[in-house]
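Note that the chains take the letters A, B, C, D, E and F in the order they are written out, and that residue 1 is the start of every chain.
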Amino acid sequence: MKISIQINEGPYQHQASDTAYQFAKAAIAKGHEIFRVFFYHDGVDNATRFTVPPQDDRHIVNNWASLDIKNAEGEPELVVCIAAALRRGLVDDSEAQKNGIEGNNIHPAFRISGLGQLIEAGIQSDRLVVFGD
Amino acid sequence: MLHTVNKSVFERNSLQSCLNTIDDSSVILLIEDGVISAAKNTKSSLLADLAAEGRVFALQGDVEARGISSKVADNIKLVDYEGFVDLVVEHGTAVSWV
Amino acid sequence: MSTKKFMYLNRKAPYGTVYALESLEVVLIAAAFEQDVSLAFIDDGVYQIVEGQNTDGIGMKNFSKTFHALGDYDINQLYVSAESLEERGLSADDLMPLIYEDEDDDWAEKPSVKIVSNAELSKLMSDQDVCLSF
Amino acid sequence: MLHTVNKSVFERNSLQSCLNTIDDSSVILLIEDGVISAAKNTKSSLLADLAAEGRVFALQGDVEARGISSKVADNIKLVDYEGFVDLVVEHGTAVSWV
Amino acid sequence: MSTKKFMYLNRKAPYGTVYALESLEVVLIAAAFEQDVSLAFIDDGVYQIVEGQNTDGIGMKNFSKTFHALGDYDINQLYVSAESLEERGLSADDLMPLIYEDEDDDWAEKPSVKIVSNAELSKLMSDQDVCLSF
Amino acid sequence: MKISIQINEGPYQHQASDTAYQFAKAAIAKGHEIFRVFFYHDGVDNATRFTVPPQDDRHIVNNWASLDIKNAEGEPELVVCIAAALRRGLVDDSEAQKNGIEGNNIHPAFRISGLGQLIEAGIQSDRLVVFGD
């Protein structure tokens, strides 16, 4: 089955991202396809490459990256909402340049795109499951 | 339908809201702090009827994390993450009471 | 693309958290996808469409007027829980008069907001393919 | 003491928890979504006695933002941010029921 | 530096949110400042010190054992709401046996956890200079 | 009076940071001193210089920066908890170097420091007010 996931909260503050990761891993193990993971609201903060958790704790960003969820064109299907990302300071090179910001913090396993990607995930997938606060 | 509830019945209104609009064939999965509502307590009656019909599940990892394995109310079934996936597959549209 | 029934489930008051605003942003984008879209306002979500919001005092953007634009995007199924309103001491008169023009009825102006019981909401929800929660 | 409550009484248990442990001289300030608890509604009775004693305040900007200015329950006093500062100064230790 | 009475107010269950863990991190740092420190566990905060937490199944760090270290840092005033316990079907026996060694009583081991009524909590809170909420 | 503030939530997702900012501004207007603002939990995300809110919305990070809260030594008293910051991907040059991260995202009006700064704020201030979810 094709399953998509929406994540509304950032890493560590809420369990939402952890639960969604465990769910995605289990779905893949059972032979399902994760069509897309869409990071919305504070969920965009799951996509930063600046995270350094304590050594004895899980690394939520790397956990997501390790699932290596990509589409047929090889693009990441860990998708970060652009509007939510800009509001909260999660940028890639392109957005940094457009907005006069020096640097970027997006992890390469994720990509930034529009909200249409969430709707599309709802249309294309057999199931969409939301994880939030 | 599958309804997930991820907050304690003592802290938020989300379980009650879910129960206000759930239909006769839907099931509930308690996850994260939602598993607190699976323990025997002063609000157990809220879920008793649905549980007796086998329509209430709780995520085992979350139950164990909160140290309440021995207190889970009668008829509430424990599932792991693969069981969570199965519930999503079997029950159609998923509604998250976040 | 196939047509699916999408429901946007709004249960949070505006301003205290961003969910109401960012839910509205999704709904506006969703309009372009020509799906069957409905919005449900339950619990404190009913405050999102209360008339007379004024955010001058808190330095935040008042996005409530954006709800008036939904009709122009053919989004005209806004369901409000009667029980949620009543519990909060609110009635239909306290809500914004959101309308749309019905192209099948000589563009007559009709109300977009329908106040329904939780039992009716239950039926509506059971009918959805996708439920996005905010 | 000054107790601030920032969530709606319909969504969370924080106002009730505050009332469970408040002493006889403390005051409550409702802020953010907490002002929803200041409106006349089915739970108004929770705050009625304290309000009658002049011990309940609500942040005016938050009341206006939610469109409920005309519905504020009797005896609840509206303050602006400077009034919030005054309450913090006058009432000693501040407890936030976040 | 002057000595003040600090209370750490814990009202959230562990793991669902980070507040419990990060509150404990503050308390451990606070020990170095030689203030009068107490912790209150109210509402779902009581689950923070329930015995037998096992996080193997959720892939998160089990920090509950850290509470046992508090005694060594002279933090031994842990107040638990009796009403909050009762409502949740919990009793003193369900809590971790947290202890400290009383240097004024020949290092006798004594319990750090005191179960108190909400009325007693109210008095304790009124006595604080600073209340940090998590 | 000396007042300190603890902020537990990030910008935009919750009103906590907005309310705290309005409170701090009002306190200063009334002649009080804001001794320190301590950003903890997701509150650390208020300190990123990467934020680009919509043009018709308030800029929460710049709002805080505009208060220009500094101590006698000219150091910012907008203090970000280091442990919480590393977990969530908020870094300055020094932490980036220590942890092998290329780049930084801290806004120069803020500084990263330890949790002891929160306790110290409680000790030194006449009042400490917490804003959270």
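The criterion applied here is as follows: a contact is a pair of C-beta atoms (placed from the backbone, for glycine too) under 8 Å apart; a residue touches a chain by one contact, two chains touch by 3 or more.
Predicted model, so just to flag it, every value in this text is computed and none were measured.
S.K.: Farthest from subunit B by Cα centre, which chain is it? Let me know.
M.R.: Taking each chain's C-alpha mean as its centre, the farthest from subunit B is F.
S.K.: Centre to centre, using CA atoms, which chain is the farthest one from subunit D?
M.R.: Between subunit D and every other chain, the largest centroid distance is to A.
S.K.: Examine where the copies subunit A and subunit F touch and state whether the two sides share over half of their residue numbers (same) or under half (different).
M.R.: Homomeric contact, same residues on both sides for the most part.
S.K.: Determine which of the two chain pairs, D-F or C-D, is joined by the larger number of C-beta pairs in contact.
M.R.: C-D
S.K.: Using Cα averages as centroids, what's the distance between subunit A and subunit D in whole Å?
M.R.: So the centre of subunit A lies 38 Å away from the centre of subunit D.
S.K.: Just curious, how far off is subunit C from subunit B if you go by their C-alpha centres, in Å?
M.R.: That pair's centroid distance is 27 Å.
S.K.: Specify, in ascending order, the residues of subunit F that touch 2 or more different other chains.
M.R.: Subunit F, residues with two or more chain partners: 8, 12-13, 15, 19, 22, 41, 54, 57, 83, 128, 130, 132-133.
S.K.: Going through subunit D residue by residue, note those that touch at least 2 other chains and give them in order.
M.R.: 6, 10-11, 13, 32-33, 61, 80, 93-94, 96, 98
S.K.: Listing for subunit C: what residues touch at least two other chains?
M.R.: 15-18, 43, 58, 60, 129-131, 133-134
S.K.: Provide the full list of chain pairs in touch.
M.R.: Result of the pairwise touch check is A-B, A-C, A-E, A-F, B-C, B-D, B-E, C-D, C-F, D-E, D-F, E-F.
S.K.: Help me check something: in the complex, which residues belonging to subunit B touch subunit C?
M.R.: By the definition above, subunit B touches subunit C via 1, 13-14, 17, 20-23, 25-26, 93-98.
S.K.: What does subunit F use to touch subunit A in their complex?
M.R.: Result: residues 10-13, 41-42, 45, 48-54, 57, 61, 83, 86-91, 95-96, 99, 101, 103-105, 133 of subunit F touch subunit A.
S.K.: Any idea which subunit E residues touch subunit D in the complex?
M.R.: On the subunit E side, the touching residues are 9, 11, 42-43, 83, 118, 121-123, 125-126, 128-131, 133-134.
S.K.: Applying the document's contact rule, which stretches of subunit D touch subunit C when the two form their complex?
M.R.: Going by the criterion above, the answer is residues 6-8, 10-11, 32-33, 36, 39-42, 44, 60-62, 64-69, 71, 80.
S.K.: What does subunit B use to touch subunit A in their complex?
M.R.: 4, 6, 31-33, 59, 61, 80-82, 84-86, 88-89, 92-94, 96, 98
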